[in-house]
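Handing you a structure now.
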Amino acid sequence: MVRIGIIGMGRIGKVHLTSISTRVTGAKVVAVSDPYMGDEAKALVEKYGGIKICGDYHEILSDPEIDAVLVCSSTDTHASISIEAIKAGKHVFCEKPVDLSPEKILEVGKALEGTGLKFQVGFNRRFDHNFAAARKAVEDGKIGEPQIIKITSRDPAPPDPRYIAVSGGIFLDMTIHDFDMACFLSGSEPEEIFVQSAVLIDPAIGEQGDVDTAIIVMKMKNGALAVIDNSRKSAYGYDQRAEVFGSKGAVKTSNDSLSTAVIADDNGITGEKPLYFFLERYMESFSTEMIAFVDAVENDKPVPVGIEAGLNSVRIALAAKQSVAEHRPVTL
Amino acid sequence: MVRIGIIGMGRIGKVHLTSISTRVTGAKVVAVSDPYMGDEAKALVEKYGGIKICGDYHEILSDPEIDAVLVCSSTDTHASISIEAIKAGKHVFCEKPVDLSPEKILEVGKALEGTGLKFQVGFNRRFDHNFAAARKAVEDGKIGEPQIIKITSRDPAPPDPRYIAVSGGIFLDMTIHDFDMACFLSGSEPEEIFVQSAVLIDPAIGEQGDVDTAIIVMKMKNGALAVIDNSRKSAYGYDQRAEVFGSKGAVKTSNDSLSTAVIADDNGITGEKPLYFFLERYMESFSTEMIAFVDAVENDKPVPVGIEAGLNSVRIALAAKQSVAEHRPVTL
Amino acid sequence: MVRIGIIGMGRIGKVHLTSISTRVTGAKVVAVSDPYMGDEAKALVEKYGGIKICGDYHEILSDPEIDAVLVCSSTDTHASISIEAIKAGKHVFCEKPVDLSPEKILEVGKALEGTGLKFQVGFNRRFDHNFAAARKAVEDGKIGEPQIIKITSRDPAPPDPRYIAVSGGIFLDMTIHDFDMACFLSGSEPEEIFVQSAVLIDPAIGEQGDVDTAIIVMKMKNGALAVIDNSRKSAYGYDQRAEVFGSKGAVKTSNDSLSTAVIADDNGITGEKPLYFFLERYMESFSTEMIAFVDAVENDKPVPVGIEAGLNSVRIALAAKQSVAEHRPVTL
Amino acid sequence: MVRIGIIGMGRIGKVHLTSISTRVTGAKVVAVSDPYMGDEAKALVEKYGGIKICGDYHEILSDPEIDAVLVCSSTDTHASISIEAIKAGKHVFCEKPVDLSPEKILEVGKALEGTGLKFQVGFNRRFDHNFAAARKAVEDGKIGEPQIIKITSRDPAPPDPRYIAVSGGIFLDMTIHDFDMACFLSGSEPEEIFVQSAVLIDPAIGEQGDVDTAIIVMKMKNGALAVIDNSRKSAYGYDQRAEVFGSKGAVKTSNDSLSTAVIADDNGITGEKPLYFFLERYMESFSTEMIAFVDAVENDKPVPVGIEAGLNSVRIALAAKQSVAEHRPVTL
């Protein structure tokens, strides 16, 4: 039984608490911490029972009964808390991005060296049923050598412009998942990136120095080309699709919806919109990634998404920002 | 070059004139006849050129240059004109139903005996790309032994109730195509039939002694079960689907629409309705059946849809009527 | 907090234990009983904690702390245990069929009278996301008046022929869900039924006096026609679809699969097979029906699937058997 | 009746002869010319009748009875023959590309000035049922302001490498259709283009200085972003899809296949591959564009695809080549 402490009980901390408590065999959340624990978080803690509430996350780090911590605090604290946790001998599951600066991520990597501790990054989409099936088709050789990777990733609504300032912008906040997905699906990583972007949805986003619509082209080290298209606002809801085209065929995923029901009437043949946003769409993947983390800890297996993935995705995001700033292809 | 005369220049006669003139290599319409030739028919005749207009179809039958005739007149004249044509030594393509009475169809069969002439019945749906693909899957053994055949056949709008009286009712007018399709897809014919039916669309149809909604269950001689569902009025247009379920799998067809475009918006994901009605939906199949007929005539091959198919479908339709009247399963 | 005892810890008892423990807020399983509790069941009991294991279900019935029981024992004991539970003042969730005899179900109904206790029957498919969406479309008037209901229900593999003898045959064991679904989707119940059936899969099923392939046609009291097609063995897995056609349109559901990934290669465009069998396919619906039951108990609401549904479905199944035996339409 | 001469009776000349002769009302091919008229072309000419065969296209240009010519000769002669035809007072339908050099196309434009003659460029895909439906959705405001245009265009097999040398390379030969499509769908034209490309299919293509796989990103003048992905070899056949994402929704097209039949078996649920190549896939669009051209000539309407479209597409293709050569975004 892996004993887990969760640091940070915002939206994603609560997701992990619930999925560990209800869907992950072999693990138990024994402590949570948050300087401003909300009522909803308290209710969950009470519901699942046997969980200590800590005001300060150091209580979790110093608890010898705790095997692993989930770092679900604000992004700017991910790296430092991770390092503290490693020094305290805890396995770490760290939400993405590990940090907005590659240097800090490298420091985390340094701290990990020789410890034998597990460090997994929260790229949950790799565990999603659709994307995992696409990756499996690639791995199984069903499509031959990957040549073109296409990812569509559109949010239902833009974040509050004030959030954009602290998020690091669209590439570090939103596209970072897609960068990781391009690496995951291709089994490679980019050597060059070019971004064409625009502010088409909300001028306030532009005023923050960010963009809300983008097409990103990458050349991967294995020769494949990859393209991501992003929008901060999709009228029909969360749009999350991928396609890998290769020498022997292609694999393509579609969106999930709440049901397969279609209505045929005078207007046409109408199916449901995609699931609204990431909590609905990816709920299952949050459990699956946690099962994988617990399995790595308990059975001393390699984590499926290590710190390199965390580092790569941030490096790509920063290169994307540079491509926008200098309006040219940027080599990684 | 097969020289063809068309007897009857109503809707279906014009369809055949056009498809032979534009899509059938190796055949030429050289004469047409209709006691009341409409303006549209005249315009087509002029457009394609080199076609004699006859007031009386006997002119066609007595023309030694004509190899084959298409019997596109009203149903009650199909059998007698076919017999005259056979006696005149013409190959015959006869629209369905050959007659509403099996006895008359048998007389046509008798007239054919020993003549070596071709006689094809206009069950054009066998030549439709979707249904033909389903049949091919069955023939190729892709689904193993057929066990369940399902046919959905719903019209966009009911005919004028006055037409119903002369049409012989839903089973002889509309379902007759589906009966033939059940035989075609299963490679068998029914030994028993039961009909559950209702008047749900227009009471005037009921007043004519007919029904507008029906579910028809058949046991086929090869052991398979078949079910047809019919409606005279589908709000989303012409619905023409089939499914054959067998010991190794199933094959299923969907409706055709004008384009594959789907619109995703706040209302959902909406594709186009099916093609509106049989002229749009089955236009291609009218050409394909004619190509097959011309090929049979020119190269002395067996016709793909012979008089037995014409006879069977009418017998099944009459058994269906009997099942409704006596409200019990009827053996064929 | 509704305190629940589960009587019978076979496959379905374990499903309910897991879903209540992990997905149903406001309920807790506090006791389980089974004369032959398996290892897997014991492991679950231990995992979720705080659950008493009883050898005899009377311990559950006599425990004043228990509010509700789930009757998950073998079918022949459903009715008698339900009656005992009602007499002990427990709310009851009873698996389907309540009994193979309508008389016994009526006795349960009699026992319920005037008690104010809740009694829900385990027709979980009503809570399935696809079927519920179809029903919602009907209720919302999206398709107008229902005219044709079509249900396809095919199992991936037939049961052991020895099981067939005790199951009451295909209609009481398998089609009973479809009978209930036809009532649910149409908002009505049948007044007449006719069955065309065959033994096409395994002669041993026929030797048990049962069939393995069937098409069932019903006339519903509201005038709609309904058709169910059943097979005990579908080569591509569990096939569970429905369609309701009405005066203003139609609603249709498709199968669920594990992912939306499709592979395009030289063989064609290939998507995944349906989810394998009912535990995978309907897992979510088992939670949803339990949430509804707990809600009914806790907030004194009407149960969504009452004893009438349990009674109707068995009456229809028996009429279906009679239709096969006498080979005629049977009035209910 | 528009009297037409066809100059060049290769593959596309024959397509136009057939579609005018069988599907275009109000037009008649009266003469064809080709220095090396093949047997297949001769057979068609004979079949449709009333057509003069000319060895030299000047015979066509000097025939006062001919209203319009189709320039279907080799690309390097398109511009000069077009100019001659204009000077001879003929309306011109010119296959794409009008020329590989914008200067020459401008000369054609100059020749046209003040003549009142029609000049249509053969971008047939605009007339395809799927792409036309997508454009109509945009025009009708169904998706709001276009923000992202995506075009997938993959050929089933690469051309002979020797052809590549004369074709001007992938952008002038293959992507030119996609460039025009991006303009058509967005209702705009690019102001900037960037290409990421590779040789992944056949090194011989690279040896010709060309690429076989490309992702092309454009910024359109109306602010929308566009992306095209190209491959010279798709294992599952011709892949021709488009998507336009806008402020109110998106429209998406899929590939056409020969039938809607899908086979469900132990391998999954398998539909047919796309139609094999452009003659099958776009046959209907070749007729539709010709109907539009004849309509423009006969009724003095503006042509739907004028010389500007021919000029734009070549300019974009050349900018694409420059982007590859200089590996940077190129302004148009």
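Order of writing sets the labels: A, B, C and D. Residues in every chain begin at 1.
As a convention for this text, contacts are C-beta pairs under 8 Å (C-beta built on N, C-alpha and C of every residue); 3 or more make two chains touch, one makes a residue touch a chain.
Computed from a predicted model, the values in this text were never measured in an experiment.
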| item | value |
| --- | --- |
| A-B against B-C, pair bridged by the larger set of C-beta contacts | B-C |
| Relative to chain B, chain with the most remote C-alpha centre | A |
| Distance between chain centroids, defined by C-alpha means - chain A, chain B (Å) | 57 |
| Where chain B and chain C are represented by their mean Cα positions, the distance between them in whole Å | 42 |
| Interface hub residues of chain A, defined as touching at least two other chains | 235-236, 239, 248-250, 264-266, 272 |
| Graph class of chain-chain contacts, one of line, ring, star, complete, other | complete |
| Residue ranges of chain A in contact with chain C within the complex | 21-23, 25, 47, 129-130, 132-134, 137, 142-143, 248-256, 258-266, 272 |
| In the complex, chain C residues that touch chain D | 235-236, 239, 264-273 |
| Complex contacts: residues of chain B adjacent to chain C | 144-145, 147-148, 150, 152, 154, 192, 194, 196-198, 200-201, 213-215, 217-219, 223-225, 227, 229, 231, 233-236, 239, 245-250, 327-329 |
